[in-house]
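Letters are used for the chains, namely A, B, C, D, E and F, taken in the order the chains are written, and counting of residues starts over at 1 for each.
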Amino acid sequence: MFMRVDKLLIELPMPKKQDPNAGAALQELLGGKYGEMSTLNNYMYQSFNFRSKAKLRAIYDVVASITAEEVGHVELVANGVAMLNSGPDSDETGGTDISDAPFSAMQDIRLAASFLSNGGGAMPVDSNGLPWNGTFVTTTGNVIMDMLFNFHLECGARIHKLRVYETMTEPTGREVCGYLLVRGSVHAHAYALVLKKLTGVAIEKMLPVPNIDLGRIPECQKYLAEGRHRWLYTNSPSDYKAMAGIWGNGETALPGDPPGELEVVEGVPDGGKIPDLNGLASAFTPEYAPEEMLEIAQKLYAASR
Amino acid sequence: MFMRVDKLLIELPMPKKQDPNAGAALQELLGGKYGEMSTLNNYMYQSFNFRSKAKLRAIYDVVASITAEEVGHVELVANGVAMLNSGPDSDETGGTDISDAPFSAMQDIRLAASFLSNGGGAMPVDSNGLPWNGTFVTTTGNVIMDMLFNFHLECGARIHKLRVYETMTEPTGREVCGYLLVRGSVHAHAYALVLKKLTGVAIEKMLPVPNIDLGRIPECQKYLAEGRHRWLYTNSPSDYKAMAGIWGNGETALPGDPPGELEVVEGVPDGGKIPDLNGLASAFTPEYAPEEMLEIAQKLYAASR
Amino acid sequence: MFMRVDKLLIELPMPKKQDPNAGAALQELLGGKYGEMSTLNNYMYQSFNFRSKAKLRAIYDVVASITAEEVGHVELVANGVAMLNSGPDSDETGGTDISDAPFSAMQDIRLAASFLSNGGGAMPVDSNGLPWNGTFVTTTGNVIMDMLFNFHLECGARIHKLRVYETMTEPTGREVCGYLLVRGSVHAHAYALVLKKLTGVAIEKMLPVPNIDLGRIPECQKYLAEGRHRWLYTNSPSDYKAMAGIWGNGETALPGDPPGELEVVEGVPDGGKIPDLNGLASAFTPEYAPEEMLEIAQKLYAASR
Amino acid sequence: MFMRVDKLLIELPMPKKQDPNAGAALQELLGGKYGEMSTLNNYMYQSFNFRSKAKLRAIYDVVASITAEEVGHVELVANGVAMLNSGPDSDETGGTDISDAPFSAMQDIRLAASFLSNGGGAMPVDSNGLPWNGTFVTTTGNVIMDMLFNFHLECGARIHKLRVYETMTEPTGREVCGYLLVRGSVHAHAYALVLKKLTGVAIEKMLPVPNIDLGRIPECQKYLAEGRHRWLYTNSPSDYKAMAGIWGNGETALPGDPPGELEVVEGVPDGGKIPDLNGLASAFTPEYAPEEMLEIAQKLYAASR
Amino acid sequence: MFMRVDKLLIELPMPKKQDPNAGAALQELLGGKYGEMSTLNNYMYQSFNFRSKAKLRAIYDVVASITAEEVGHVELVANGVAMLNSGPDSDETGGTDISDAPFSAMQDIRLAASFLSNGGGAMPVDSNGLPWNGTFVTTTGNVIMDMLFNFHLECGARIHKLRVYETMTEPTGREVCGYLLVRGSVHAHAYALVLKKLTGVAIEKMLPVPNIDLGRIPECQKYLAEGRHRWLYTNSPSDYKAMAGIWGNGETALPGDPPGELEVVEGVPDGGKIPDLNGLASAFTPEYAPEEMLEIAQKLYAASR
Amino acid sequence: MFMRVDKLLIELPMPKKQDPNAGAALQELLGGKYGEMSTLNNYMYQSFNFRSKAKLRAIYDVVASITAEEVGHVELVANGVAMLNSGPDSDETGGTDISDAPFSAMQDIRLAASFLSNGGGAMPVDSNGLPWNGTFVTTTGNVIMDMLFNFHLECGARIHKLRVYETMTEPTGREVCGYLLVRGSVHAHAYALVLKKLTGVAIEKMLPVPNIDLGRIPECQKYLAEGRHRWLYTNSPSDYKAMAGIWGNGETALPGDPPGELEVVEGVPDGGKIPDLNGLASAFTPEYAPEEMLEIAQKLYAASR
């Protein structure tokens, strides 16, 4: 079972301008083969299909708890995309004249459907607009194979994050990349340790892939300073603590990162505010003539108190 | 952000026999266009892209909280599929002779890849083996349109659940359908009430679609008796309570169901035990010669205490 | 613009029994790469994109008018599929007990989704359940290339029709194949003549592909006796008559078929009755408790008189 | 069965310049999930699979006749795309020097394949170039569900049309949108009335979605003045008249539109001229050296007289 | 550049009976995500896109030469599929009566399209009939990442081969699996050694995945006895010898396999006879009335001498 | 079986500048429906599935040998794409500052994923980024049908090559097109001759499609002067010579091309140098800090001598 908390994993800075091509680049980290939809669904299905959970409890707990964090990663990237596609929040007013081609610029953005279909919202597609699909999931039921897949997936995700980051000038997108790079490195490290425990191969020594320290990325610094590269969250009110058999036990941070012991942290991060994403009447979000609707909605909210 | 609890929404009865074609039928409710991957991802992306959250708080809360429950629905169906594909748990022993074509029967099951690729595990594919994909998501940002889509989606999901149920003889699969029918009806009802509040159209009077009461389905009875057809969970430690502006306020159960007022329930259901899904050495799940590996794993678990 | 006539191109015999795997085989002729969705959409898009229509009027007319006939072919195959999936019409009564797994047999049919999603209806998918998609359309705008594509498409369609026919024991499916073989041969012949007129190559001498006369197929006989292998319909109240420049002019039937001149026939065939496809309450088609609904509907019909 | 008339539903103004990105935007209304290929194929397959046609005649007639109009909508959008991709008709001359990169600009248009593969022609793909596919069709056989799907589909189509319109500066594309908005509103209204008759829910009061009157769109005015928002065509020489049980009977235009009773109109609209789409030798449409070919073709046409 | 030799990598035993479901299972190893189309195209594109070839010559040579062997693997599996689908060669005679439903059994095979479309031939699809597609290729240009992907791919391929093998009773399919298991293990080993040389991590100690020795598979014995588990072919007349820097240098066979040093073998294996795959007139392969055609063909062949 | 030679079919000129949109256009010839992945896989699967090889030896040899050349065509286009995407080789140095958005320009290229995922490498996708897939393969087993498909495929490929050529200003891409146009014309001619031998129809007289001589393309001149439009390579050390029964026997070059007899050439072309494709540290190709890695790799290479 899953629960939801009305926060974003981190607070994202408001973009300075509307930049749909930046949003389109960020989509690679959402719906691409090495994006967050893939990490989420791979771990999710592997945790559902996990064999011999009782006997392999510590490993199951790693996969199951990271799954929950990945839903939050999908949320984070999706918010980043929507913010970049939409630009800074403006006043919501109705009544725009729609007959003056107010969105003619949307014909030339890379993924025009992100406006035409989604009104600037994020979608499970990659940076070329190709939809995410179920063949991106590997779940063989063989624990070595599945963990090896996950290790490779996180390394692949890292290279994609780095390259998307290298295209970003807007702080909104850069912050998304910076945070994900730190947390993705933790997940790669975790799967490496699982593999080491099961096979004796010190595959974590291969990290980081690509071979560049997080220290080179300014947006990672505050997270490294906090120690988030050494924390594996249980992402649960009270379960998944057996992951400490993998993440801990004297294992330490990767050589290029700030040193320290690996720690299991119960629960979820503090999180940040979820963007409100003001509507835009001329794009029919949430409606063309929203005033009356909003009035009703506010009464609803009052009634719920 | 999301959290995970190590329970299944309900406890599933162990299947009496291995029945991969029943598992394949149940896949329709997982990866089909009207399956749980679709309800999950539609509400998830809509909640991420939701415009004017502050002003439309009660509506946002409905979509956001149901999202969390849908992850649990995906989990429930996936477990049902894996159980039906695998049959009752057997002792886990290594060393089977793999050269005697021990799985020749797997050539004739409907979705052979569910064994060949997934060792009996569930996948995000439909009952014909077609992968779920991102085009199944609609998120226009227009709140009337998106809620109308959701209402239609839940009605479509209901007809698929009913038909899958009608093919099922195994209690495992029947229980999955029974529970989902009750909860899916709640979600259809919730989206109908949102639409009614926003447009004045009493679209909930169209329910149920198809026009058959839950009372005709034995597996639904215990849930109806509890009142679960009248409960909307917040699926959160402390958020999403504004949904009471929609679900409550004197609204009552649908005419054909046990009467009573609609109630918001904070948190998640009690849930049931997650199946252990014993491994099968000859299928290499979790491994061919699992003994040594398991021994290591148990040490890991001990170390985590 | 298009018009519709409430008839099927031919009358189909009622199947003797329900045979979903026969229906699944017939789907190849509907949604397969060489099925009727492909012939329809190729000619449809080519006719929309046709360049220099005024100068190439006779050729445009061939493509444009065959398009209309292909919509009828899609209709014919779809009806055949639905009839085979459903079996002979039974009395429509409500109130079946759905809790006795009345459709357990549907778990073992080849394309289970045809029941679970479509209640036995046809879908734009092939015999393996793969959806038809837009990449099956070729429209380069080069008239030689497009006509060559069409010629190859009809030859490919013919081999698929022959093989589907060879799997069929039910007269419903055999009749569909028999009729389509006759008409498909006409279309292959027509595109061959276009190519001959444009390039001087007597490509129609390559026909039939495969090299087997229609005379070998009992279901074709009545159509051959009528001369339908020599008729190209305008499929229009008054347009497309310039096709006589291609189909006619002394051109005659292919050597293995009953001899005679090629003729343009204005309008559409007489056609046959469209199957009523009685509903099945337990499959929720058109509803579970249809009596009241049907009563309303009959009043509607009366009101329209 | 279907017939074809060699006219376009309306006459389209010639574009002032070549504008492939406008053509690409218009593709959303052709091959997108909420485009005309979807409305066409949904209603087409639903009409083929329709259960209990005799008893539900009025409803069947609505679905069956709208199908025919939708083929014309596909034709209309496709012509609009081809015109925008190609620009104003120029003289057709052969012999351009192809070695000077005459189409270097085509590398930077959004959907380069629309030139490279289709020579500027339309294709069944969306505004991101993703092919239309058969999963966009819903045909459950349950009449409430299918009509609800159709209602939602037309609302979704409307929001896409509005947004595409808002990107258009060329009159060709604006006219396509304007006409489709009027006719799509009729279809949404028709499906709403079917649902009302079957369920008693006045779902048509939800219209329009999005909540903006057609009166705001200059290109809609002439069609509203004619009353086309109140007309449902039979699109048939003599069938489908029972639709008057749904469309008529005292039902009137939607509140925001010019008032009046709903009327069934027998047959099809008068229609406009189909664009000739002059070829372009350097793009090999219809050929590189077309003179001789055209001469032959003209002889063919003469021969057909 | 590539050359072809008219031999199969090994000689395959004739199947005893026609067994299309065995052929369908074998398709997993051809068009599945972990099948030979994937290994071929991953290494092929990686070798085309390989960066700094001069500096990383030994590694490039490994990837480039294995690519060539993988084309042969695709050929081997495809021949196995076609043999199982078709059964033992029969006399080729024309003139079968096609009107007696001679292929009615083909309606019930798992992948009916393999007969209807392909006449029993192999296709780039998986065991569920899903087409292979380009998203199965990973080529990031980062050499660590790409080699890690390849290592994981070969491990995944091995588990699929083992499971397909476990379903096979026909010697044709078992021989395909046995050979591929030996050669796939070599390729996994080779990529492991590349990674070890580049990162220092002894990842080859993780092998085999799954953890079962080839010695358990009778069909592998003759290849192990020859030493083929220790040979890496250059698959070239004279290139790719630098691979000896990886494969050799004192590296030895994996612990569970017959011991010995790893050796680079120049050129390709001796190979076996390519199956003739006799035609079947009633399936129109190579034609319905083949006699005359064959006569012509034999003249052609004579003319070429 | 296949062998590889470490050469490119021709030497490609270094591009003058980085031009990813030119690379994206060239992708149409790689992963498009009429691109080299399609010619390769069609002939490859047809040769694997070829029926009655002994009796139809000359035809089999044509298909089988052209297959090998097509792998080289895929290689040629892929190299062209990678060169255009990357621009002229620069010095490889590590240590670039990645936090300055060094690749911001990559957000606006047509196929952003070609950088984000592939670091500028080629992929099996078309010019719109759509992945190549197995449905592009036709292999019916009927030799007339399959050869007709191939003939149409080569004609379609030619029109795509011509149009891509017309968009190219960079010599790298123009050279690729020029060479492929010459060789594709040979293959179209070869399949035409096969069809003529089997059916008596002189279909080669339809060539070229489109109707423009290679003489109009400067980049073709040197190949025409050599006579490559008259040569069919065996692409084999010693097999496939029976193709001389088709290609030869007095057949001559097409009318518009330099005259001469058709000749079978044993083996493969001389070929040209394979581009080294220098890495780019900031894109992590082959790594971010490549110095140490390269040092190791050079030792490996030394060890292999």
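As a convention for this text, a residue touches a chain if its C-beta (ideal position, glycine included) is under 8 Å from a C-beta of that chain, and two chains touch if they have at least 3 such contacts.
Remember, predicted model here, so these are calculated numbers, not experimental data.
Any chain touching chain B that also touches chain E appears here: A, C. The minimum number of touch steps separating chain C from chain F is 1. Summarising the inter-chain layout, the chain whose CA centre lies farthest from the centre of chain B is F. For B-E, the equivalent interface among the listed pairs D-F, C-F or B-D is D-F, as over half of the contact pairs agree by residue number.
In the contact between chain A and chain E, the residue numbers used by both copies make up over half of all numbers at that interface. Centroid distances built from C-alpha atoms place E farthest away from chain D. A separation of 48 Å divides the Cα centre of chain A from that of chain C. Averaging Cα coordinates per chain places chain C and chain E 39 Å apart. Among the residues of chain D, those in touch with two or more other chains are 33, 110, 117, 119, 125, 129-131, 133, 135, 140, 142, 144, 159, 210-211, 283-284, 287, 293. Taken as a contact graph, with one node per protein chain and an edge wherever two chains touch, the assembly fits none of the named shapes, being neither a line, a ring, a star nor a complete graph. Two chains count as a pair here when they touch; such pairs are A-B, A-D, A-E, A-F, B-C, B-D, B-E, C-D, C-E, C-F, D-F, E-F.
Interface residues of chain F facing chain A in the complex, by the touch rule stated above, are 97-99, 101-108, 110-113, 115-117, 119, 125, 129-131, 282-284, 287-289, 293. Residues of chain C touching chain F in their complex: 33, 130, 133, 135-136, 138, 140, 142, 144-145, 148-149, 151-152, 155-156, 159, 195, 199-203, 205-206, 209-211. By the touch rule above, chain A contacts chain B in their complex via residues 1-9, 31, 37, 41, 44-45, 48-59, 64-65, 67-69, 71-72, 74-75, 78-79, 82, 92, 117-125, 131-135, 137, 139-144, 197-198, 235-246, 248-249, 267-269, 271, 274, 276-280, 283-287, 290, 293-294, 296-305.
Remark: chain D residues 21-22, 24-25, 28, 32-34, 110, 126-130, 159-160, 162-169, 210-212, 216-218 touch chain A in the complex.
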